[in-house]
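Paired with chain B in one complex and with chain C in the other, chain A is shared by the two complexes that follow.
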Partner chain A sequence: MKLAFKLAFKNLIGAGLRTWLNVIVLSFSFVIIIAAKGILVGWDRQAKNDMADWEIGGGQYWHRNYDPYDAFSLSDAHAPVPPEFKEEIANGNMVPVLITQGTIYPGGRMQPVLIKGIHPKQNLLKLPTQNLDTTVGAIPAIIGANMARANKLQTGDYLTIRWRDANGTFDAAEICITQIFTTNVPTVDLAQVWIPIENLQSMAMLPNEATVFTFRDGNLIRRGDTGEWKLMTFETLVSEVEEMIKTKSAGQAIFYSILLILALLAIFDTQVLSIFRRQKEIGTYVALGYTRGQVVGLFTIEGAMNAILAAVVGAIYGIPFLMWFAKKGISLGVSSAEYGFAIAETMYPVYSGSLIVGTTILVLMATTIVSYWPSRKIAKMNPTEALRGKIQ
Partner chain B sequence: MENIPVIKTERLTKIFPMGKGEFSALKGIDLKLGTGEFAGLIGPSGSGKTTLLNILGSLDSPSDGKALVLGQSIGKLTAKEAAKLRKEKIGFIFQSYNLLQVHTVYENVEFPLLLLNYSANERKKLVMGALEWVGLTDKIKQKPPQLSGGECQRVAIARAMVKTPSIVLADEPTANLDAVNSHNILQTMARMNEELKTTFLFATHDDKVIGYLKRKIYLKDGMIDKDVTN
Partner chain C sequence: MKRIVYSLLAIISFLDLNAQNADEILKKVDQNMSSENRVFESTMTINGKRGSRTITSKSYSIGDKKAFTEYLSPAREQGTKMLKLENQLWIYSPSTDRTIQISGHMLRQSVMGSDLSYEDMMDDRKLTDLYSATVNGSENIDGRNTWVLELNAKVTDVAYAKRKIWIDNERYVPLREELFAKSGQLLKQSAMGNIIKIDGRWFPTSIVYKDMLKQGDGTEFKITSIKFNQVIPEYIFTKAALKK
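Moving on to the complex of A and B:
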């Protein structure tokens, strides 16, 4: 076996330019697959991290009537904070959020919004809620940059907000924008206003009530659903992101499969030609004491070794390139606001060990198969005819 | 010495399919070859020399009859057993040398020893010994494309001899060589036969080769016509 590898290596290098052409084309596939998949891995991670940081922590409890896609459900989606959550809220491992519908009037236009009440002292989410802990002449409010841009709002702006309380009665008050924050997570940004939860509770006449609880880590999951509260694990909450990444992956796969197939075709072609042109050599191996099966193995290893050389060559230019790429990132030219998903302006690819190992195995297996396929013919060759080089 | 049969055939027959019919290349060959013989199959083109040599080299199998090489029946060997026999006991020399082109002279000669799992030290000793014998110690780093035909055939001889096989089968080894080179390699082989008692069986119609043979087996239409020992 060791001899076969040595021999295959020698033959491959001995084939010169043809080998290097195959190897370079195959190495492109290597590097491009890793780069392309790296973007998705990076995106997946960034999206999940951003969601965890800004919105979902380690998971959430939702009021059983809460439906983020149905604003009208909100009037029924709230309940008093259950006693078993009180301790975790007190020690900062859980954050209640109360959500109601409201309307703001920026520049005289009417803009329906979600009013979200959150505790100013929380530090579980990245939301700069400390800016809700100030005294201004109105209710302090923070909004996201996309919300601010869409409504031409700036820090220090005062505006009227209208809402309906628990009895269905309309009321209005003034809010003051104390901070505009930038986030990649549109679901805490677009068409929403964050104010102190105590203000919202008294405005809505829902004292001590909440719609959603976000907790810090997954340890609370053991509790499961409790009373009116439905457990939403981190995995459930990010499943949409996962779905989207999966769709993107499928799209990508079509693109780099074509590249890989072209590279494999070149190797296949070389193998077919080799077996035809190197009949005498094949006969010689048999005469020297190989079985035909061993020669099949030798040629298969030789072809498969293209993948190993490609990995080495790919590493030579690929590692600097991929490192530069990971540092520089790639701008997809879409904002999260347009996209509706957590997506950064610049995406930084992440190359995990499993990505690199997986790609290597994929390319190696594919190369081995296209090398083995034509080599099987050797097993049917008549060695005496091979020695004369007479097989057509 | 010559009474231990290294090769023994009985009514050895080889039939090739040809178009709709078949063609008998060997028609009942009865042949015995003892240890240390320096013999040749002589005959016109198409008389079956190569066919017989290939069967004795376990590269092909008989259609009928028996071919015993070192006591092993060629037609009954598995692919693995046949490969083992070639690897350990048989050296081939071909008309067109059949050297591995991307390997150096040294590596070509070393190859059979790698297959036999010799240690690095033994390999070095044996390869240098074989190359000395054929007079190519100054060319060990060259590759076949850089060598003359005569030099290539000497490498091939060294490769066949390096493992000290029981039998060397040489099919028209001088056909691509000029007279000087032909005599040179024939002398080398004759000397090996003398000193190592290796059995040689040639296939040839070259008078230069015939001149060196101690035993001449004339083939005609797949049958033994004459068998002359000096």
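Moving on to the complex of A and C:
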């Protein structure tokens, strides 16, 4: 076996430029696959971290009627804070949020919004709610940067907000934008106004009621659903991001598989050519006592060794490149507002051990298969004819 | 002491008389404005920031429970039909040939970008059932003497906690109306005109609605023909009628 590797290596190096062309193209595949997949892994990690920091913490409890995709469900999606949550809220391990529909009128334009009430003193989420704990002669409100840009709003602006109370009666008041925050999570930004929960409870005539509870870590998961409250685990809440990244991953695979196929095609051609041109050599191996299987193995190892060399060559220029790429990141030129889910303007790829090992195994296996495929012909060769160099 | 008691009694009796008068005025207004059923054709001109557009429609309604509207023009809206039964609404769109059922909350949304909500358009509950009224004074609007009535909600499920209505004191029809939020902020204003007598009742056939929080010149609603207490076939108020 050791001899087979030695022989294969010598043959490959002996082939000169042909080998290095194959190796370089294959090494491109290595680097591009790792870089492209690294972006998706980085995106997945960043999206989940941002969602945890800004919106979902360690998980949430939703009112059983709450459907974030149906604004009309909000009028029936609230209930008093259950007694078993009160201690967690007092300890700062849980944050209640009340959500109602409303309308703002920036510059006389009508803009439907979700009014979200939250405790100003909470520190579970990154939302700068401390800016709600202020006196400004109107209801203090914080909004996201995308919301501010879409409605041409600035810190210190006063505007009218209209809503309906629990009985459906219209009410209106002035709000003052006390802070504009920047986040990659559009579900806490777009078309939303955050105000103190006590104000909203009083405005909507829903004292001590909430729509959603966000908790700090997974401890509360053990409770499961409770009364009118449905447990939404962290995994459930991020499943949509995972699904979306899976879809993106499938789309991305098409691009790098084209490059990989080109490299594999080159190796396949080289193998076919080798077997055609090296018939005397094959005959000699058999004459020396090699079994046909051993000869097939030798040629397969020779082809597969392209992948090993490609891994080495790829590492030489790929490691510095991928390290630079991980530091510099990539700007896709889209904002979370356009995408509708958590996405940073600059994405930083993350290369996990499993990604590198997985990619290496994938390329090695693919190369081995395309190397073995033409080598099977050797098994059908007549050794005497091969030794004479007769084309078979 | 006697004088104070007499003064108090006088004030109480004035307030009582005032309340009675206001309620009587409202009842007479309701008699003009509400009906068992009605069939009317109308045009709705929505004056937006980017220009105006006019929609014509034909509507049938029975009390405040059933209403059916078919849009006749422009071509983009032609054939669109709406059916309201109780607090549910179905909209049929001919371009997709589909009927969509919308929950009661959708009734609170704007009708085709106008200053009117479905609820505004379809809510035909009598004012006397919803509000307690007081006469706040009298004013002259375009040469007509009016009573100024202040209406405060006496039931909880009303959209506007307070209304101010200017009632023509001869014809018992509103000439102007202001709708207020609970906080007292003016939300909507409407001005009625072109009042005509139909079947013995006075009825305004032109109403300009204006959302006071929004820019724009409001929405003008004109009734081009109206008939009260007609025989409306029951099938009109069925989902099958939407696709016909």
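By definition in this document, the second predicted complex is superposed on the first by the 391 of 392 C-alpha atoms of A that agree within 3 Å, B and C clash if a C-alpha of one lies under 4 Å from a C-alpha of the other, contacts with A are read in each partner's own complex, and residues count from 1 in each chain.
Just so we're on the same page, a residue touches a chain if its C-beta (ideal position, glycine included) is under 8 Å from a C-beta of that chain, and two chains touch if they have at least 3 such contacts.
Since we're looking at a predicted model, the values are computed, not measured.
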**Message:** With the two structures overlaid on chain A, would chain B and chain C clash, or do they fit side by side?
**Reply:** fit
**For chain A as apex, the angle formed with chain B and chain C - C-alpha centres, to the nearest 10 degrees** = 150
**Message:** Let me test your reading of the model: by the given contact rule, A:W324 touches which partner, first (chain B), second (chain C), both or neither?
**Reply:** neither
**Prompt:** So, A:L387: does it touch chain B (first), chain C (second), both, or neither?
**Reply:** first
**Request:** Kindly classify A:L3 by the partners it touches after superposition: chain B alone (first), chain C alone (second), both, or neither?
**Result:** first
**Request:** Could you look at A:V286 and tell me whether it touches chain B, chain C, both or neither (first, second, both, neither)?
**Result:** first
**Message:** Once chain A of both complexes is superposed, is A:T160 in touch with chain B (first), chain C (second), both, or neither?
**Reply:** second
**Request:** Please indicate which partner A:A173 is in contact with in the superposed arrangement: first for chain B, second for chain C, both, or neither.
**Result:** second
**Partner chain(s) touched by A:Y69 [first = chain B, second = chain C, both, neither]** = neither
**Prompt:** First (chain B), second (chain C), both or neither: which does A:G108 touch?
**Reply:** second
**Prompt:** Shortest C-alpha to C-alpha distance from chain B to chain C once the two structures are superposed, in angstrom?
**Reply:** 74
**Asked** Considering each complex separately, which residues of chain A are in contact with chain B in the first and with chain C in the second?
**Response** none
**Asked** Which residues of chain B touch chain A in their complex?
**Response** 50, 54, 57, 59-60, 79-80, 82-84, 86-88, 92, 94, 96, 98-103, 107, 111-112, 114-115
**Prompt:** Which residues, counting only chain A, touch chain B once they are in their complex?
**Reply:** 3, 10-11, 13-15, 280-281, 283-284, 286-294, 382-384, 387
**Prompt:** Contact residues on chain C for chain A in the complex?
**Reply:** 103, 105-106, 108, 110, 153, 156-161, 179, 181-183, 185, 187, 211, 213-216
**Prompt:** Which residues of chain A touch chain C in their complex?
**Reply:** 72, 75, 103, 105, 107-110, 160, 162, 164-165, 167-173
